[in-house]
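Shared between the two complexes below is chain A, which has chain B as its partner in the first and chain C in the second.
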Partner chain A sequence: MPIEVKNITFTYMPGTPYEHQALRGVSFTVEEGAIVAIAGHTGSGKSTLIQHFNGLIQPTTGQVTVDGVDLLGRDKKSKAAAKEAARKVGMVFQYPERQLFAETVYEDIAFGPLAHGLTAKEAALRVREAMSQVGLDYESYRRRSPLELSGGEGRRVAIAGILALRPKYLVLDEPTAGLDPRGRKELLGKIKELSLKQGMAVVLVTHYMEDIVALAKRVVFLRRGEIILDDAPRRAFLQREALKEAGLKPPRTVALINRLSEAGLKIPRGVLTVEEAAEAIYQSLSPRQGERQQRVK
Partner chain B sequence: MNIIEISRLTYVYAAAKENTPALNGINLNIGEGEFVAIVGANGSGKSTLARHLNALLLPTEGTCKVMGLDTARPENLWDIRRQVGLVFQNPDNQLVAAIVEDEVAFGPENLGLPPAEIRLRVDKALQAVGLTEQLHFAPHLLSGGQKQRLAIAGALAMEPKCLVLDEATAMLDPQGREEVMQVARDLREQGLTLICITHFMEEAALADRVVVMHQGKIVAQGTPKEILAATDLAKWGLEPPLATEIADRLRRRGLNLPRGICREDELVATLCP
Partner chain C sequence: MLNDIALGRYFPGNSLLHRLDPRIKIVLLFLFLAIIFLWVNSLVYLALGSMTAALIFTAKIPLRMVATSLKPLWWIILFTFLLHFFGTEGEGIFQLGSLTATWEGLKQGGLITFRLALLIILSALLTFTTDPLALTDAIESLLSPLKRFGVPAHELAMMMTIALRFIPTIIEETDRIIKAQESRGADFTTGNILTRVKNFVPILVPLFIAAFRRADDLATAMEARCYRGGEGRTRLRRLQLGRLDYTACGVSALIVGGIFLLTQWGII
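And then the complex of A and B:
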């Protein structure tokens, strides 16, 4: 069963001068094993929305269920069920380095699995596995203090701490911000693999449309607390109006194709990946290739 | 004239005495008004270097001079800090005030500027990053990207000679990223020295010079064309910018394109002359 968000609204600090309605009637389902991306302008409510997925924030109105269980426990028994359901959702926050606290990288990553009742031995396996998944060398990093790492290293430790829980639903808020190009590519590849092999569902909040191209089957555009589009990336990134309304830009590949066709190249739309873009450009040039090569020389 | 002169700089974090230095024999001069991009894999030493530029860290060995002033001499600290603005990757580490506008006014107030001038700078800086609406907000109530914009506004309000952006746009939406880079480039027209640490080669492609760091050393530097379009970046954990990659792919398919394409406008101009 999925994560279901049913017509939720959320208001920060109601009744104060800071009162702010961050979500205005959002309905949204994350099917099992799905990979969904959420994009939107800064302040559009992305982080607020996903913090509902594990009950960290309770909606002002509306309901959130995980595998059919309401995350708002009303009595003791349903509270326990809600807690249990929320545990299936692993959440990597927007600045996750902030949450690193243990003495060593090892302890930090092992904390979650141990808290979920795994034995020390099982947790040890999870730590090794998760560190390799985020590209951190086990021997060189396990004894390091998590507070004395570079930005990207800290980010990797924080992500490893959640991957070590092997959550059924993985929710990531800007996970690739701060990762170097290889780290970014490898992490996205690893997440995709986990989703395919273990059926893990993924919700990805990101400002990088390229991440969405690399990973997601579905993308949601959020604008001022409302969903204005929910579609496959290939179609979504062609919706110039929706992109503009959401304060977004298309991925670099799409932007490049748009520019080329504005400059007069006859080139098909609907291209997403770098491979596709290169191929489409090649095809559109090849009939006149001889002539063009002369000119380029 | 050089605004930054770094000579044989080595830095070892105290906690890592037994480990390799975070910076290892860095030599780097940056001219006034130059736009330099620093790229490199996670942990390669970029932020450690940036923290030397306004004397947050002092060299273990070697020297770092800003406008001819040695960062290791305490009496230079004040002058160095007011001339070099540094924006970090994580804004939470640098927000101090209780209200957005105070946050931005904090630096100018410390400079002892008259209130009218402070007001002007605060409004200008908040406008530049698009936070005017949140003037009276508490910084901790802002979203991630809003916080990052605020940190940038704080640095802008100091009107520094040299601005160091350490992945300052990483949490911004695409529009915000473009806006901040545009503000930075406008300031540069007015003579600002811009040092931009980034994981995005497309951003680095806009600089006058690209410096590549790897394991605490500078392993390559040159124009974007020399570094981004003509070097094997993969060995440093990096990737070419999109324009370079597309041009390479088209070349492999037999198209005869000139070398050295690293910006999208160059690619468009080449393909659609």
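And then the complex of A and C:
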């Protein structure tokens, strides 16, 4: 069963001059095991949308269900069920390393499992597991203070703190923001691994198109609280109008192919990765290919 | 959840009250607060109450926001009222255990309650209709005569400006940290006092770290732009008194003078 968002709207501070409608009728489903990217300009409602996924905020109108359970508990019994369902969704906020608070890495990662009522022994198991999932060596990191970690390490610890809850769905808000290219690549690799090995569904909020290229099978463009496009990245990035409307730039590979095509080169569209782009350029420049294309024409 | 803080919220607008020089607003506010304290008299309160109502109306402040500004002090107001209601000697209305509610208490309590509400609403009107930056400018300007006695007027105003500037940022940050820790199963609403205090550690530690880091960054940024205190600093927006300000002062003087004379002559 998926996370289902049914026609939700959300208004900040209703009834004041600061009233602001962040979401206007959004419907959206995260299938089990899927990797979905949500992209949009600042203020498009990305962060507001994902906070609905684990019931941190309740929609003004509409409904959010996780595995068929409505996250808005109306009575005591359904509230407990809603809480239980919301726990399946792990939420990693922007710059999560800033939320580390414990004296050691171990304690910080164990906080979630312990708060959920696990025994110290079970929690210890979860900490080990989560640390290996994000690629942190248990022995060398567990006693260190979160304050002395680098940004990338801190972020992994924070993500491990969420993974220790064994979420079925992992929601990440700008997970690669502020990381250097290597840290970014490593982190994206780890996220991909989680999805492939554990079958975890991943929702990725980002405005780095390269992250989408590297990970997502599906991308959603948000603009002023509305979904304007929901498609596979390969097709989505060809929709120049939608990209422009959402205030986004295509990934560099797509932009390059676009420019080459505009410059008169016969080149196949719909490439995504650097390798595909290289192949396409190679194909279109090799004389035999060119002749064949001309003959076909 | 933290967005509901009403006190100190500015409502942009272009009413008379909005256009008034912030210094005049502060001075007049203190004048009226003093009057409210000096003359405990229902007719004086009625006059000032209608003046306040007129100001709220012209400034187009939603009544709901005015009510919200009273919310933090709601219990104090209620307590004060009950204290007077039951604590004043006089003709009894009803008995509650050994306590007697009196008509005199009702009158006195009502008066005091009204006075408290008036004090709060008038003060809230200042912040509702004044841009926080203009407010700190005004405070600096009003305090500047005290510079001769070593009062660091500029530094105080700068501190206030910075504090005001970072309130929304810190609220946002707090909101995010609370949500993040809630997502990890932190619970802030159950348990006894001790566990609840302990439960706040995951919020307070990151919040303090962030605040210190931010303060450090800000200090660096200010130094990088050669900030070195108020000495010889000029400003982009200068406060200047206009016709509106003189009129407001005149009208206020008339009101105060009128109240003074009427009480002197024993009419009210």
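Following the convention adopted for this analysis, the second predicted complex is superposed on the first by the 279 of 297 C-alpha atoms of A that agree within 3 Å, B and C clash if a C-alpha of one lies under 4 Å from a C-alpha of the other, contacts with A are read in each partner's own complex, and residues count from 1 in each chain.
As a convention for this text, contacts are C-beta pairs under 8 Å (C-beta built on N, C-alpha and C of every residue); 3 or more make two chains touch, one makes a residue touch a chain.
Owing to the predicted nature of the structure, the values given are computational and were not obtained by experimental measurement.
Annotation for the three-chain superposition on chain A: chain B and chain C clash. Once chain A of one complex is fitted onto chain A of the other, the partner contacts of A:Tyr12 extend to both chain B and chain C. Of the two partner chains placed by superposition, only chain C is touched by A:Gly112; chain B is not. Of the two partner chains placed around the shared chain by superposition, neither chain B nor chain C is touched by A:Gly225. After overlaying the two complexes on the shared chain, residue contacts for A:Pro175 are found with neither chain B nor chain C. Of the two partner chains, chain B is the only one that A:Lys185 touches; chain C does not reach it.
In the superposed model, A:Gln51 lies in contact with chain C only, and not with chain B.
In the superposition on chain A, contact of A:Gly151 is made with chain B only, not with chain C. With both structures placed on the common chain, the touch criterion links A:Gly73 to neither chain B nor chain C. Between chain B and chain C, it is B that contacts the larger number of residues in chain A. Judged by the document's definition of touching, chain A residues 12-13, 17, 94, 98 lie at the interface with chain B and also at the interface with chain C. Taken together, the chain B residues at the contact with chain A in this complex read 13, 15-16, 40-43, 46-47, 89-90, 92, 136-138, 141-146, 149, 167, 170-178, 199, 201-202, 234, 237-239, 242-243, 245-246, 249-250, 253-258, 264, 267-268, 270-273.
For chain C in complex with chain A, the touching residues are 3, 11-12, 62, 64-65, 176-177, 179-187, 201-206, 209-210. Residues 12-13, 15-17, 51, 54, 56, 87, 90-91, 93-94, 96, 98-102, 111-112, 115-116, 147, 161-162, 165 of chain A are the ones touching chain C in the complex.
Partner chain B is touched in their complex by these residues of chain A: 12-13, 17-18, 40-43, 47, 94-95, 97-98, 145, 148-153, 156, 173-174, 177-185, 207, 209, 247-249, 252-253, 255-256, 259-260, 263-265, 274-275, 277-278, 281-282, 285, 289, 292-293, 295-297.
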